[in-house]
Each structure stands twice: as structure tokens, then as C-alpha cells.
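Both complexes below contain chain A, partnered by chain B and then by chain C.
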Partner chain A sequence: MSADATLSFEEAMEKYDPVLGFEVHVELNTKTKMFSSAPNVFGDEPNTNVNEVDLGMPGVLPVVNKTAIESSIKIGLALNCKIAESCRFARKNYFYPDTPKNFQTSQYDEPIAYDGYLDIELSDGTIFRVEIERAHMEEDAGKLTHMGGATGRIQGADFSLVDYNRAGVPLVEIVTKPIQGAGSRAPELAKAYVAAVREIVKNLGVSDAKMERGNVRCDANVSLRPHGRERFGIRSETKNVNSLRAVEHAVHYEIRRHAAVLDSGEPVVQETRHWHEDTRTTTSGRAKSDADDYRYFPEPDLVPVVPSREWVEELRATLPEPPAARRKRLQADWGYSDLEFRDVVNAGVMDEIQETIAAGASASVARKWWMGEIVGRAKNADVDPGQLGVQPATIVELAKLVEDGKINNKMATEVLDGVLAGEGTPAEIVEKRGLAVVSDDGPLLEAIDAALAAQPDVADKIRGGKVQAIGAIVGGVMKATRGQADAGRVRELILAKLGVEG
Partner chain B sequence: MTETNSTQLIRLSAAQLAEKLAAREITSVEVVQAHLDRIAAVDGGERGVNAFLHVNTEEALAVAAEVDAIRAAGGAAAEELHELAGVPIAVKDLIVTIGQPTTAGSKILEGWHSPYDATVVKRLRDAKMPILGKTNLDEFAMGSSTEHSAYGPTRNPWDLDRIPGGSGGGSAAAVAAFEAPLALGTDTGGSIRQPGAVTGTVGVKPTYGSVSRYGAIAMASSLDQIGPVTRTVLDSALLHEVIGGHDPFDSTSLPDPLEDLVAAARLGNVEGMRIGIIKELHGEGYQAGVENRFNDSLELLRQAGAEIVEVSCPNFQYALGAYYLIMPSEASSNLAKFDGVRYGLRVLPEDGPMTIERVMGATRAAGFGDEVKRRIILGTYALSAGYYDAYYGSAQKVRTLVQRDFDAAFTVADVLISPTAPTTAFKLGEKLDDPLAMYLNDVATIPANLAGVPGLSLPGGLADEDGLPVGIQLLAPARQDARLYRVGAVLESLLEVKWGGPLLAQAPSLAASPVVDPAAMLVDAKEAK
Partner chain C sequence: MAAINRDDVAHLARLAHIEMSAEELDRMAGELAVIVESVKSVSEAAGDDVPATSHPIPLSNVFREDVVGHTFTADQALSGAPDSDENRFKVPAILDEA
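Showing the complex of A and B:
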């Protein structure tokens, strides 16, 4: 497949105005499925969390999960939506083996929540309002694994395996109105929007909100139009962009690709696109046209969902604080400066820091580890920081080891690498790698003497009161001890030796 | 009842059997065996009734033996037995059962065994009613003659060259031929009542939502309803109480407690009741003999103290058209799951690429019969983008109008009455090539399904021109099923007097069966009154 032509992002922005739209699917963490009593659990043996309803056996009927409705209403309220007084499910008919009934039970023209908005804070603190068209309930499909082909797609596969554990898992699909006016901040806004939705559903407790498990999945719609034109261009829909970074990159890429297509004078093809994390590009999926006919009609096996106003107000009263208020509170609790806190938010590790603090770390230690160590590693690995797999308890343990003087900071980062490589707990890695601060001052004093002898001019400067010059001597000692010394202790010993107050 | 033999046992109603079982005059094993013998004698062979697709001999006898043992042991367990414990029943093969195949009359489910029981089947098991087997039907309940079964047509016990009605021809014929005292049917547009009419049996379509649909293979979800098929009105009430009532597995199931239907059937009083003749549901298009028997019933009810009024339901003329849009639309979606992927038949394409679409296509092409395909195509078309409003949307509007017609009619009448079907049983093959003529059989039964109201058909005598049974239909407002039993019981007893006993006593005894003494039967019937 030849790569699509692209313009540079800057050139694309010069010529065109991007319009975005998102469909974010949120998997609810209810105990049971949307329409059956089978468990809603991720990661079990294939086809074990299924019953006759999930398999679409003859004669079965759906029954709506009340908790799923409650969760959907909470999501709707958190997105500032109106909640329908009465709404129905519909059948979306299409033949595909991941859908056991060959129709998906989904809300169609009667969503449970509609007409909302979400205020998104961008990295410089400006607020961008994203209008929400609707949030509706539906069931997830099973998972197909295509075997034998080169691409992992159904085309060219020898056979396909299907796991119906996911079939019938409750989903809420959140659909935005067309998002205009983002300009060159479109990729950033895309990421911030999905992050905000994820944050909301996580704080509501209605979803596990793990993007790597597909709990939150994003379809990103992009179209371009020449500056000043009202009418939208033809859009593409990039499916299943399942990390925050990928959302940003996919929008970025699609803007560049659309710009090149428009520049060439060709029309953009309305189609779905597949996102490729490895190349950070999209490829053409299925052409989407008016010929797609899902023959929607109201689901006759279900009665309308009629949430009473009292119930809706009860649920509204239980909503957690809105994200903006929560941020204000957390920043105050943690004592971070505005800049520090904004960096934390932009790096997408606010929840992780909160969990780390909850696990017993101080606010400064949590920030130091996440911002100083983990964010950089995630960037190198090209994943979201939360996806790297660092547990809050690991950080607490590392911090404790440093605090107790068992290892120094340099060793601690080495231990973290060991944890990420799956070598065990921090304590085990310290043991295995023989990492321990040299605590006997004897060898240290020898090394200090040697370092002072090697740099007599520096020693004189320190004696003369220029204590900041001590770094050179400490560095020499650390080098000589292959980093195993406690730098703090080394400093104390040097100062004592030279008779200088620290 | 020392003289009891199997010939007499099969002629007893369920109420009579229940009484004799409770009094320990007979055993359930004897009753079940008598019916199994009858099935063996009349159901198979080239000229057999062919009411059963599967006979559940072992399990039925085991349940019967269990009931007998409990009764013999006495004590609390015997006291707690359900009134109908030990009374056997046949189940339409559209209703899923553990331990027996369920085919829906289709090749596409040949050999499939359900891993779960329908709610109504669970309730039969809870009542310890032995299940004799599964009865024949038009494929996926699509038809009015049982000729669309993939397993051969069922024959009408009154005339083996005629149809037993449909889609529940198997259940109706089994009951009419004394192969089972009771059966379950399903009624989407008349599939319980119309077979009841042409076989001289009683059939009830309960209020939509009053009997759980969980485990009835759906044809048209908003119209389907499970109901009793019996030989007497009281038996239908007894069975209705076993299967009815709320079911959390069916979202459309009504929360209301069931009315006391058996008491209504035993009460049987029509004095002062207003019974409405539906102007649009008799006269032109109805066979003369059907019309005559209908008029007899009106006269009898009048004599019994009912006030006969006439009502007009002008929108009923559009009901058949609306039905043939709504039913196939829902069916086209309900039947999509039969694709060869998870269960049932799988047919691989003979040549060309082996894609999932082609496997599904080959399976459905081979597995479905013509009538099923016809309705899937109709429904798929009616739901298509651009046609939805004109077809499905308009049909739903007609449905609302039909409901309003009923609402208006029930302000002037407590119960409505009409012939159940326009004609008596026609010959096998007679209408097979003319779907429209076939569809017209349900013209009088369909309005009740569209409106969700309950309907009961009972035998109204024999038509003058052909000597075949005529059905009389009673209709009541939703959730007022008790009225059907109350009026039905009166009409039944008056008609029995007029016809000198139960109508089925006049049916041919069927070649293979032992000769029955009708006098002995009449004595039994009177004893039960």
C-alpha cells in the first residue's frame, strides 16, 4: 500500500480550517451485561462470560440493566446534557459474526441524553467549549480475531475466531456536534477532549476507563474547508484510536492528508480509516456511503426507558465535583504551582499522581516520579504514561527506599527500569542487582581524600567559602564508588573534612 | 372408575383427568401411556395426523411416575401438587425445551437442542405436567395451514385431506385427535385461534404480555403470544393460569397479577353482558355455513340473557395490510440470527470463495423455506431507508387506529364476537400457491394481535355445506381475559346441548384407532359438569 500524500501541518493550517467530531465509546463497568445476567468481566477465557442471551440463541429476550441506565444518566448529567423523559432502543440490522443476533441493540433516534457541552481546558489554560450532540446506550459486539492473514484484518485471513465475552457489554456512545474554530489547536483539543471524557467517566465510577483495554474508544472525524467557507468539507472517520497520544496524532495526520487531497483537486473520499500506531498514519477502510442501510426500527422486545425526574435529580445530587473544581481542589491540596499543575495535567498524569498520593507518597515525591521519570519513559515508549504499568505502590516503595537511605536517587531510577522490565518488586531488584548505598564511611573517606587530592584548586575554593563548588568533588566520589554512595552523606563528609559549615 | 381403559382416558378433558388423578382413581402413568399409545396409533404413517415432530416418551413417563409416587406417598408433598400435576401436554415446536429438539418446523434448526427452557416450559415442569412431545407448525410459525412445515403437513383429524389450520396445526390436531388433552400454541396473527376453529378445539390468545414469551422463537415480537390449546373452555383457563403471570425475563411481560380465570370459566354467566357483533368481521367473504353457525351463537347468547349490540371497527379493513408489513419487518430482523455461525444448520457454498457472507447466504438459502424467504424479503424491503415511513411507519399508524377502534367498541360492548375464520378447513394444497388467499384466513384474528387484546376461539358447530367445524371468536379488552372464559363457558355449554355433546365426539375416530362408544363419552362429560 503506497503512503498517502500529506502536506506539512503548517501549510495545511495556512490553507484550510479543520472541523472535528468525535464518537467516544465508553464501556460501563456494571456487574452484568447490558441485556443479560452474564458477567461483564474483561480478560477471562474466551466465551466463558456468556449465556443464551449473549449467544443469540433462539427464543431469548433482552432485559435492560438498570445500573447501566443509571450510569448513562450520570454520564449525561456530567456532560451537561438533558435527560430524555422517555427513550427507546432500536435494532441496527447488519450481518457480521461478532454480533450474535445479526443486529445490534442500540439507541437510535431517542438517546437517553442530548444537547450538552463540555468545557475543555487547553495547555495554555484557555477554555474551549465542545458541544455534545447526544450520549446513547448500546451493547458492545464480540471480538473477532482474524487468523492466518498478513494484516490481522478479515481480508486475506484463513479463518476468524470469535469471543462473545464482550458481546452485550454496556456501552455509552458520546457524540459531539461538529467542532469548529479549533484551528491549529485541533490535535491538542482532540487529545484534551478525550482525556476529559475519560476523566469524567472514571470519576463517576461508571467505567474502568482504561483506554488500553478498550474501555474508552474514540472514533475521530476530520474534515477541512477553505478558510472562510461555511459548508463543511467531506469527512473521514478514523476508527478505534485508543490512546490519548494516538488521538492527537491521528487528527494531526488526517488534517495533513486531507489538505494534500484537497490541494490535488480531488474530492476527499467519505470513508472509515484505520489508525496505525507504528507508522502514525491511517489507511483506507470501508467506503461509507448512503448505501449503508441498517434498517433501524424500534426494538419490540424492550419497553421504553422512562427515567422519572425524581430519579434524575437524585442522581444529579450524587455527581462528583466537575473536573475544573476537582483540579482546583487537587492543586490546592498538593501545593503545586500553577505551572507545575498545568504540566501535570498536560502530561495526563493527574489521576496517577492522585493514586500515588493515596497510596502513601507525598505530593512532591509523587510529582517528582511521575513528571521526572515516568512521563519521559512513556514518551520514549510512545505510550500514555498511565499505560506504562507503573503501580502507585511501586513509587511509594521506591521513595521509602531512598528516604531510608538504602538506595540513592540514581539507583532508584535504575530500580524503576527493573520494575518496568518485569524483574520484580523494588526490594527484590535492589537485592538482585546488588544495589545498596555504601554506608560504611571508611571507603567513602578514602574516595573523598582521593578526590580532594585530584582537584586541589576546587578544595581551596570550598575552603574559601564557595560551597557550591562542592559538586565537582561529590561527582568524583560518586564516580569512584560507581554511584553506590549516598550523595548527601558524601557532601556532609566533604564539608566536615574541610571544616566548612554546609 | 374401574372400567377405565386407555380409549376412555384419552377422551377426558384435563379438568376431568385432574379430578380423577387427585382422587387416585387413575395414575398419571396410565394417562401418559394412553396418549402415547394414541400417538403411536394415529400420528405416523402416510395418512397419519403428523401432529408430532418429536415424542418425548421417556421423560413424560418419568414425570408421570414421579407424580404418581408423590400422590401414593401422600402427605404435604401430595397436598402441594399442582391441580394439573400428572396431566400431560404437547408443546408447539416453536417453544424451546431442554432435553428435546426444537426445530421451529425449519430445516435450519434440524437437530438443535436448546440449552435452556422457555419460561412457560419451566412452569409446566414446576406443575409436574408430563410433556408428551413437540408439535408440528408452519416453519417459524409462518402460515395458516401447517403446510409450510419442513417436516410435512399436519392433517386435520376431521378430514385427513384437509389442513388443520396454522401455524399451530400440530397442537390443534393433537388435541382434536385425542393425542393430548392440552397443548401450547403461539399466536401472532391467529395461529392458535384459526387452527382451533378448523379443528373444533378451543384456543386462546391471551392479552399481550400476560404470558411470557421467553423461549418462544420470535416471529414478530410485538405480536407473538403463547396460549392454551384445549378441548374445553375450562381446560384453557386451567392451563392459562399455569403459564401466565409476570416473568422478569420478558421485558414486555405485564406486572399485573393474573385474574382468576378458572373461577370465570366456572362462573359462566352472561346475563346483562353486552356482546358486540363487529360489523366488519362477518358477512361478505365469509362462508354461508360459517355465517349460520355464527348466528346460532348470537341467538344462544341472547337467550341466555346477553344483550347483543353491533359495533363498527372501520379501520379493521386495513389491519391485514398493516399486519403484513409489521410482522415481516420484525421477522426479517428476528430471523437474522439463523446464519450457520453459532448453531443449527451450516451449509458451505459449493464453489467460489469461502467467505462468511457466502456461508451465511448458502445456509439461509438451504435452510429456509419459500414462505419464510418471502416474508424476510418483504420485511427487509419494508424497513429499508426511504421506504420505512411509507411502509413500517404507516403500518404502525394503522395499528394505533385499530387499537382506537377496539377502545371505542369496548365502550359499548363488554365482549366482541365474530367468526374466527372466514371458512372451514380447506383441502391440503388448495391455497399453497396463492399466498394472498392464504393470508386472508387470518382476517378476523389479526386485529386482536395488532391491538394486544385477548381472543378465544371455541367450536360453534358444523357448517351445513361440508360438515366441518366452525370457530366462534370472542374478544375482550386487554387484561380482561377473564371475560372470555366467562362468556366462552356459557356459549360452550349451550352449544353442547344444541349439538348433543362435545363437537369432537362427532369427529371421525381415525382409521387406526379403536372404536369409541360415544355414549360412554357423554356420560364422562356430564359427570364433569
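Showing the complex of A and C:
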């Protein structure tokens, strides 16, 4: 497969104006599936979380999960949507082994939520409004594993194995209106939008929101048009871009690829693209064809969902503080500057800092540890900071050890490394590695005597009033104690010993 | 609704993965046209005061509490499968090499 031609991002931006669109699928964390009472659990043995409804056996009847409806309404409200007075499910008919029924139960012309918006904050604080077309309910499909062939991918596979544990898991699909005017910030906006949706559903408690588990999945639509032209270009749809970084990269790549296609005078092919994380490129999936005639019709086995306005208002009253308002409140509570707070948000450690403060650390201590120590280590390990394994209690304990003068800051970072290496709690590591600051004056006085004896000329200078020469003696003591002395205390003791006023 | 013609039937047959001969297409186009006509008479019976419905009984909000019920074992789930492997349904390769 030859690589597609691309332009540089800068050149693409010079010539074209990108238009984006996103379909984000959110898996709800209900206990059971959308239409069956089988458990909605990730990672169990294949085909054990299924019953006759999930397997599409003849004569079975689906029944709607009330909690899934409530979660869907909450998502709609959090996205500033209108909630339908009445809506129905529909059958989306297609043949593919991921659905044993040969249709997916979805919603077609009557989504439960529609006409919303989300204000997205970019890294420099710019607010960009993304309009939401609709959020509709549907069920997830089974998981196919393609076996044989060269790549383990769908093309060239010898056969596929199907696990229906995921079939019937409740999904809410959130569809944006075309997003115009993002310009060169399109890739950043893409990432920020998906991050915002993830934050909302996590905050609502309606989804586990783990992208690595497919709880939040993004299909990214990209098209380009020459600057100044109203009509949209032909779009591609990059499927299952399943990390925030990948969303940004996929949009970046597709803009560059489209630009090269348009520059060559060819039309863009309207098609599905597959994202490849390893090469950060997309490859052609399949072109839209008449096989995409899904022949939607109202699901005859389910009756309409008619959320009363009272019910909707009850659910609205349970909504947590919106993420943007929460950020404002936290920044004020913590007393961070705009820049400090934005760095915290961009580093993705706001929740962690909140937990650390709740565990008893001060706001400045929490920020110092997360931003100063943990973010960098997470970057080196190529994981999210929250995934590194640092518990809020660890930071509180480290900060306390420093505050009590048991260890100094330099030792504390060593202790943190020990915690991450699984050597135990901070106190245990201090003990094991012998890191405690020497605070007993006895050994210090011995070391001071030795240092003064070793540098008699310096001792004379200090006695003569040149107090600034004390650094050499303090240095000698620190060296002798392998950095475990409290330098301030050492200075005091030296001055006292020599009878000089500091 | 427009009459069902032979091309419609061929299109539907392809979507439904049903192989049909030329004679079958001709015959089915005629039969489906009759069925569509017959169903149409229902629309004529309903006046303007009868709203469209997708369900014969005027019910709404039939819900189930989110409580875990019964499941199959993998063996039970796979008992009707033509082929299986590693506790999963085994299906033929779906797309040819692109």
C-alpha cells in the first residue's frame, strides 16, 4: 500500500479552510444492557454476558433500560440540548457479524436529545462554540477479532471470532453540526472537544469514560474547501480514533491528505478511513455505496419513550456542576494564576490535584508535586499523569516529611521514585534508604569539628568576621553527612562554635 | 407509494444478501406490487384524524429497572453456532484484501 501524498499543515492552511464534524460514541456504565438484563461488564470471558436478547434469537423481545434513558437525558441536558417530548427507536438494517440480529437498534429521525452546544476552551483560553446536532440512543455491537492474514486487521483475515459480551451495551452517540471557522486550530479543537465530552460524561457519572477501553470513541469527519467558499468539500470519516492525542493527529493528517488530493485536481473520495496509531496515518476503508442503505424503520418491538417534563426537570436538578463552572471555582479556591491553572488543565491533572488537596495537601504543595515532579515522569513513561500510580496520600505524606524537617526536597523526590518503584510508603523508603535528615546535633558537631580542622584558614576568616566564607565549611559538613544534614542548622552550629554572630 | 419495480427488488435482494434469478425477480416484482397495493388500502381506511403509529397498542415508557438478570454460559451461547473457536463464534473472513 503506497502512502498517500500530503501537504505540510502550513501549506494546507494557506490554501484551504477545514470543516470538521464528530460522532462520539459514549458507552454508558449501567449495570445491564440497553435492551436485555445481561450484565454490562468489560473484560469478562467471551460470550458469558449474553442472553437470548443479545444473541438475537427468534421471538425474543427487548425491554428498555430505564437507567440508560435517564443517563441519556442527563447527557442531553449537559450538552445544552432540548429533550424530545416523544421519541422512538428504529432498526438500522445491515449484515455484519458484529450484530447477530442483522440490525442495530438505534434512533433515526427522533433522537432523544437535539439542538445543543458545547463551549470548548482551547489551550490559550479561547472559547469556541461547537453546536450539537443530536444525541441519540443505540446499542453497541459485538467485538470481532480478525484472525490469520498478515496483519490481524480486517483486510486479509482468514476468519473472525466474535464475542457478543459488548453487544447491546447502551450507547449514546453525540453528533455535532459541521464545525466551521476553526482554521489552523482544527486539530487542537478536535482534541479539546472530545476531551470535553469525556469530562462531561465522567462528571455525570454515566460512563466510565475510559478511552483505552472504548468507553468513549470518536469518528472524525474532515473536509476542506478553498478559503471564501461557502459550499463544503467532500468529507472523509476516520473511524474509531480512540485517544485524545490520536484525535488531534488524525485531524491534522486528514487535513494534510485532503489538501494534497485537492491540489492534484482530483476530487476527495467520500469514504471511511482507518486510523493507524503506529504511523499516524489513515488508510482507505470502504467507499460509501448503496450497501449503506440501512432501510431504517421504527422498531415494532419497542414503544415510544415519552419523557415527561417533570422527569426531565428532576434529572436536570441532579446534574453536577458543569465542568467550566467547576474549573472557575477550583481556580478561585486554589488561588492559582490563570497561567498556572491553564497549565494544570492542559497537563490533565486537575482532578488529581483536587484529590490531593482533599487528602490534606495545600494547593501550592499539590501543584508543586503534580506539575513539578509527576507530569514529567508520566511523560517519560508515556502515560497519563493519573495513571502513573501516585496516590494523593503519598504526596500528603511526602509534604509532611519535608515540612517536619525529616527529609529535604531533594530527598523527597528520591522517595517519590522509590514509591513509584514499589518500594513501599514514603516513611518506609526513608527508613530503608537511610534518607533521614540528620537532626541530632551530636554527629553534626563531630562533622563540623572535622570540617573546621580540615580548613583552618577558612575557620580563621570566619572568626575574623568574614561570615560569607562559611559556605566552604557547610559544604564540607554536607559532604561528610552525604547531604543528609539540614544546612540551616549546620550554619547555626558553626557560628555558635566559633562564637560569631550570624 | 410508487409501485415496486424489478430494479427495486434487485436492490433489496442485494441488500438482504438473497440470490435471485431473473425469473424470480420478475415474479417477485409482480407479487410485491400486489402486496404494496393491498397494504395501501389500510392508509385509505385511516382518516386524517388517525396519527401514524409504529405500534398497535398506544403505550409508551415501558421500562425495565437496571437489575442484572440471567445469562448464558459460553457453551449455551455457542450451542447453535455453526462454528466456534476459543469460546467465540467463528465467522468467515468478511472483507477481501483491499
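Going forward, the second predicted complex is superposed on the first by the 345 of 502 C-alpha atoms of A that agree within 3 Å, B and C clash if a C-alpha of one lies under 4 Å from a C-alpha of the other, contacts with A are read in each partner's own complex, and residues count from 1 in each chain.
Note that a contact is a pair of C-beta atoms (placed from the backbone, for glycine too) under 8 Å apart; a residue touches a chain by one contact, two chains touch by 3 or more.
Please read these numbers as outputs of a predicted model, since none were measured by experiment.
Asker: Determine, under the contact definition given at the top, whether A:145 touches first (chain B), second (chain C), both, or neither.
Answerer: second
Asker: Which partner does A:303 reach: the first (chain B), the second (chain C), both, or neither?
Answerer: A:303: touches chain B and chain C.
Asker: Figure out whether A:5 sits in contact with chain B (first) or chain C (second), or with both, or with neither.
Answerer: Neither chain B nor chain C is touched by A:5.
Asker: Which chain, chain B or chain C, is in touch with more residues of chain A?
Answerer: Touching more residues of chain A than the other partner does is C.
Asker: For A:284, decide between first (touching chain B), second (touching chain C), both and neither.
Answerer: In the superposed model, A:284 contacts chain C only, not chain B.
Asker: Mind working out whether A:63 is in touch with chain B, chain C, both or neither, as first, second, both or neither?
Answerer: In the superposed model, A:63 contacts both chain B and chain C.
Asker: When the two structures are overlaid on chain A, which partner does A:295 contact: first (chain B), second (chain C), both, or neither?
Answerer: Both partners, chain B and chain C.
Asker: Quick one: is A:50 in contact with chain B, with chain C, with both, or with neither? Answer first, second, both or neither.
Answerer: second
Asker: In the overlaid three-chain picture, which partner chain does A:325 touch, first (chain B) or second (chain C), both, or neither?
Answerer: Neither: A:325 stays clear of chain B and chain C.
Asker: Which chain A residues are contacted by chain C in one complex and by chain B in the other?
Answerer: The overlap between the chain B and chain C interfaces on chain A comprises residues 52, 55, 63-64, 93, 95-97, 154, 160, 162, 290, 293, 295, 297, 300, 302-303.
Asker: Spell out the residues on chain A that touch chain C in their complex, using ranges where they run on.
Answerer: 30-32, 36-39, 45-52, 55, 63-69, 86, 88, 93, 95-97, 144-146, 148-149, 154-164, 284-286, 290-291, 293, 295, 297-300, 302-306
Asker: Can you list the residues on chain C that touch chain A in the complex?
Answerer: Per the stated touch rule, the residues are 11, 14-17, 54-55, 57, 59-74, 77-78, 85-98.
Asker: In the complex, go through chain A and note every residue touching chain B.
Answerer: Touch residues, chain A against chain B: 52, 55-64, 91, 93, 95-97, 100-103, 154, 160, 162, 290, 293, 295-297, 300-303.
Asker: Report the residues of chain B in contact with chain A in the complex, numbered from low to high.
Answerer: 95-96, 102, 104, 109, 112, 114-116, 118, 213-218, 220-222, 248-252, 329-330, 332-333, 336-339, 341-343, 356-357, 360, 380, 383-385, 388, 392
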